[in-house]
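When the chains are written out, they are named A, B and C in that same order, and each has its own residue count from 1.
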Amino acid sequence: MTAVLDTPGPRNAPLGPRIWRWARPTIVVALALVVIGIPLWLVLATSAKPRGEAINPNLDPPDHWQPGSNYADALDQGEMMRGFANSLLVIVPSVVLVLILGAAAAWVFARRRGKLVATAYAVCISGLLLPPAIITIVLQLRQLDLAGTRPGMIAVYTAMYLSTSIFFMTGFIRAIPYELEEAARMDGAKPLRIFLRIVLPLLRPVIATATIMVMLYAWSDIFYSFFVLGGGDAATLPINLYQVASAELYQENWHLIFAYVVVMSLPMIAIFLVAQRRIVSGITSGAVK
Amino acid sequence: MAQSATTGAAAAQPVTTRGRPPSPRRAGGRPPGRMSRAAVHHPWWFALPAVVIFGGFFLLPNLLNFYYPFTDWSNYHTDINWVGTRNFREILDDGTLWRALRVTLVYALLAAFFQNLFGLLLALLLEKDTRFNRFFRALFFLPVLISALAVGYVFQALLNTDGAINETLGTDVPWLGSTSWTIVLVAVVHGWKWMGLAMLIYLAGLKGIPGDMLEAARADGAGPWRMFWSVRFPMLAPAVTFNVTTSLLGSMNTFDIVQATTGGGPASSTEVMNIYMFRVFGQGQWAEASAMSLVLFLVVVAMAFPLVIGLRRREQML
Amino acid sequence: MRRTATAVALIATAALTLSACSDDTAGTANGTGAGGSGGGEVDPTARLDGVELTFWTAQNTVNAADQVIEAFEEATGATVNVEAIPDLYEQNVPTRLASGERPDLMFWQPSISTLPFIQPRQNLLPLDDEPWVGDLGPTEQSLGVIDGTRYAAIVTSPAMLGVYYNKDVFAEAGITEEDFPTSYEELLELGHTVQDRTDASAFYEVGGDQWPLQWQVQVQLTDLPETWWEGLNRNEESWTDPAVVDAITTYNEELLGAGLAQEDYRTGTFTGQGEALWEGSSAMALNVTSFQSQLQAQHSTEEIDERIGWFPIANSEARGLYSPDQTNGVVAFATGDEERQNAARQFLAFWLGPDYADFLDARKIPSVQPDVPNPEGMPQTAVDQVGELADAHGVFQAKAIVAPELHVALADMIYGERSPQEVAEFVEDQFDDIARDQGAEGF
């Protein structure tokens, strides 16, 4: 099949394809330079400039390189390490809960039948499309004494992304041969054991994909975390960035903002580089088959 | 985008009958006093924690959201009293409701359009599975990995009147200062941020087109242009449906990019519902914010309904 | 499965009933409102060993009280922990309070439109009988009072609203101090003179950042009598009053419409305003003291004195307007802990008493007490502003019980999306809504 896709046009077509063979890479490189290169350069260059040069951000290289002190300032003033720890403390438990609870529920939804199960399933995946009612979530968390706390944020994220993982995993489990479970059951395994030993390991590919998707949104979420955490001691990285950017109206500090952007983006980029193949295949294989 | 990005994922998954459990016997068929096989093998309490969390922190707030918009809940007093439709009348009377609705819909449509246009173009450009292409795919995927807020700030720095673009071009265009065009520009930024995701899905769609189909078309003498429109594009339909619907619903719920580039301005021309909610909540008018939140909910439901039906139909077809 | 459903239904109903009806946690009243206000006798340096106080500040004022805190800790043995509440401060503090947290002390804007955010009657200690009250200047004394009760100590003097001008441009246009305007009308005439005689634009307006847009309208509201504001606060007067609409119209037509602002006034930024005035591409900037802080962050006092001047302006006289902000006031909380409440009051007495001159000297800011002189080394513009404070008008944030977002509506106006009349209506609607939410009488 790849052989077919190798040539975009008929092999003996006169001029078009040959030009295309050269034009395509040129277009790609030019596009990448403008569309990705310019913003990327702006961020990197500005993050290395002293404040005076960065007040009006431009594409000039810095006259005076001072990435060290900018990044140190961003780490320090932006309380980046705290933000980083806070982001992890909220997102890791959320992802784990989304996966475990989602898998357990999906197993039941995929294997049992009946009106109630169907209804429960339909209700549980409604979160795929419905927006979370963030304003009333705030009120409810206050009543539960969870406002502004990590457990509160974890509960909200978990509830928001459960639908995705349940939907995903239910479809996946349905495609797993029932006989695999049946065989273990013959050996006298209890449901919990079957779930842990048979079902969960089989779910590995979906788990990877779901993790990536949740990370993509939760790592950069500012809207929900702002309502729930609202800054303070539990502020996550994006909240810190927002505060660095909007603090002190009269001091435009682009050099710090961009130093922050760079450091904040690194973990996601690192994860992507390490697990690139799995991420790409996870996203695509799930989406269109 | 939020939670809907993977919607199509499992929907499109082939549902094989092979994996289905044997039909449970009808309730009446089992001996009284004993649990059904399904109940023994897949006990309901496995689903309970998920149901409780989802019910408690997603469903319940959405239910309460049908109550609080009709109260005077605010930062300024502790009691909450029923006030009927006052909050809705107010946002109707001062035009905020229609404006926010219009801005949000226009933004969502534009954002979905650009995201898919960019994604499809990239997918077509980078279709072949070569080293060169894989590298550039990863590069174009980069914006997806960067937080939307950060993306917003980057483009604010580029597009400000005294920003990098004007400085480089030597112009003085107020990119973020037009009440009619700025929203388009912000939607382009939104498209830029998510184009990598759309690209991946289109790439997968392109890969899924059977080779013999292309061969047949080629044998018929179809040129590249006709090849695309009459063979490949129709075959991409599932990927298009998935991408368009998820990006459309996702961008209804947008906040960060708009907040970071324009903050809702100029003259509220980019004030989408979530920004309005954020602003009004900040003034302590919590019931008003809740009212807008309910409107957003209803609009999304109205848009999602046809979508769900569509997805269901496709699932059955497969 | 049926039991699951029942359980879910039960949980749901339980939670529903739980959260319906009232948000008890929003600003929990603590009942000890007036606790410990036993007369005005406070010894500022009494020993407080082992007492710990928490002090909330905004991010950009986290070091503002450092000098006082150090001196107080040394003098009394108490410990004061500063905690920075993230921006937006005015939004996040009420949220934190709503979740039940209470500091002992906190920076807060001491104006009648901002104090209600933190529900002073339930949350704060009344400070009417404190020893420093009589020492404050007249304008300062009027701040921090709600319904006749004082809830805030005034520690720094409020920002002043007035015109910053570029001295070189004025010299080029042949304008001397005698030509300084004594009414808003004259200010506009002066603007025309500048534009006729130089290349500079008369004003730099800040449509991009929005909030400074309100000042041009605010200076025109100074002839409204005190009774008008009282009426407004009882819902007997309205923002749609012709006086307000005229002020907005004048700004729209005779300043912006007459070309007295720089070309890109719709997208102009606060930073841009500083640069334009510094370079002389605009002659004047009507703004509050934070404009001066911006200059001070980039230039030395001598440079500023050489290049930038300041004069006050009101609608029909040369008077300034004061504008309280978050650094001006400190409130003390009714925490229910008598010892800490007294320590908090002692802290304020120490700040505004024995320590005050040292505090001013450390910060290089003007004094709120006529008996304590200003420190050396302030820019002349700052000295001029302090001189005007005693008989300054107040901006509406200090006079109306709710500060509506006039600037948001004005930003719509400069894009042609609202008429001056509609701006006034927007402001009135918002004022009305929030005043009613606050439970103000007459709304």
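Operating definition for what follows: contacts are C-beta pairs under 8 Å (C-beta built on N, C-alpha and C of every residue); 3 or more make two chains touch, one makes a residue touch a chain.
For each chain, UniProt lists the protein as follows: C = ABC transporter substrate-binding protein.
All figures in this text were calculated on a predicted structure; none of them were measured in a lab.
*Asks:* Which chain lies the greatest distance away from subunit B when centres are computed from Cα atoms alone?
*Replies:* Of all the other chains, the one whose centre lies farthest from subunit B is C.
*Asks:* If you tally C-beta pairs in contact for every chain pair, which pair wins? Let me know.
*Replies:* Maximum number of inter-chain contact pairs occurs for A-B.
*Asks:* Between subunit B and subunit C, what distance separates the C-alpha centroids? Give it in angstrom.
*Replies:* 40
*Asks:* In whole angstrom, how far does the Cα centroid of subunit A sit from the Cα centroid of subunit B?
*Replies:* Taking the mean C-alpha position of each chain, the two centres sit 14 Å apart.
*Asks:* At which residue positions does subunit B touch at least two other chains?
*Replies:* Residues 39, 44, 47, 51, 55-56, 59-60, 64, 73, 160, 162 of subunit B each touch two or more of the other chains.
*Asks:* Hunt down the residues of subunit C that sit against at least two other chains at once, touch-wise.
*Replies:* Only 1, 4, 15, 19, 23-24, 26, 88, 91, 98, 269 qualify.
*Asks:* Hunt down the residues of subunit A that sit against at least two other chains at once, touch-wise.
*Replies:* Touching at least two other chains: 112, 114, 120, 139-140.
*Asks:* Can you name the residues of subunit C that touch subunit A in the complex?
*Replies:* Its residues touching subunit A are 1-2, 4-5, 15, 18-19, 23-26, 59-60, 85-88, 91-92, 95-96, 98-100, 209, 269-271, 274, 290-291, 293-294, 297.
*Asks:* Once bound in the complex, which stretches of subunit B touch subunit C?
*Replies:* Those in contact with subunit C are residues 39, 44-45, 47-48, 51-52, 55-56, 59-60, 63-64, 67, 72-80, 90, 93-94, 160-162, 172, 174, 176-177, 179, 265-269, 282-285, 288.
*Asks:* How about subunit C: which of its residues touch subunit B in the complex?
*Replies:* Residues in contact with subunit B: 1, 3-4, 7-8, 11-12, 15-16, 19-24, 26-29, 88, 90-91, 94, 98, 116-117, 119, 207-208, 210, 264, 266-267, 269, 272, 408, 411-412, 414-418, 425-426, 429, 433-434, 436-439.
*Asks:* Residues of subunit B touching subunit A in their complex?
*Replies:* Its residues touching subunit A are 1-16, 18-24, 38-44, 46-47, 49-51, 53-62, 64-65, 68, 73, 125-129, 132-133, 136-150, 153-155, 157-158, 160, 162-164, 167-168, 192, 197, 200-201, 203-208, 211, 214-215, 218, 221, 223-224, 227, 238-239, 242, 249, 252-253, 255-256, 259-260, 274, 277-278, 281, 286, 289-290, 293-294, 296-297, 300-301, 304, 307-308.
*Asks:* Which residues, counting only subunit A, touch subunit C once they are in their complex?
*Replies:* Of all residues in subunit A, those touching subunit C are 55, 112, 114, 116-117, 120, 139-140, 142-143, 145, 147-148, 230-232, 235, 239, 243, 246-252.
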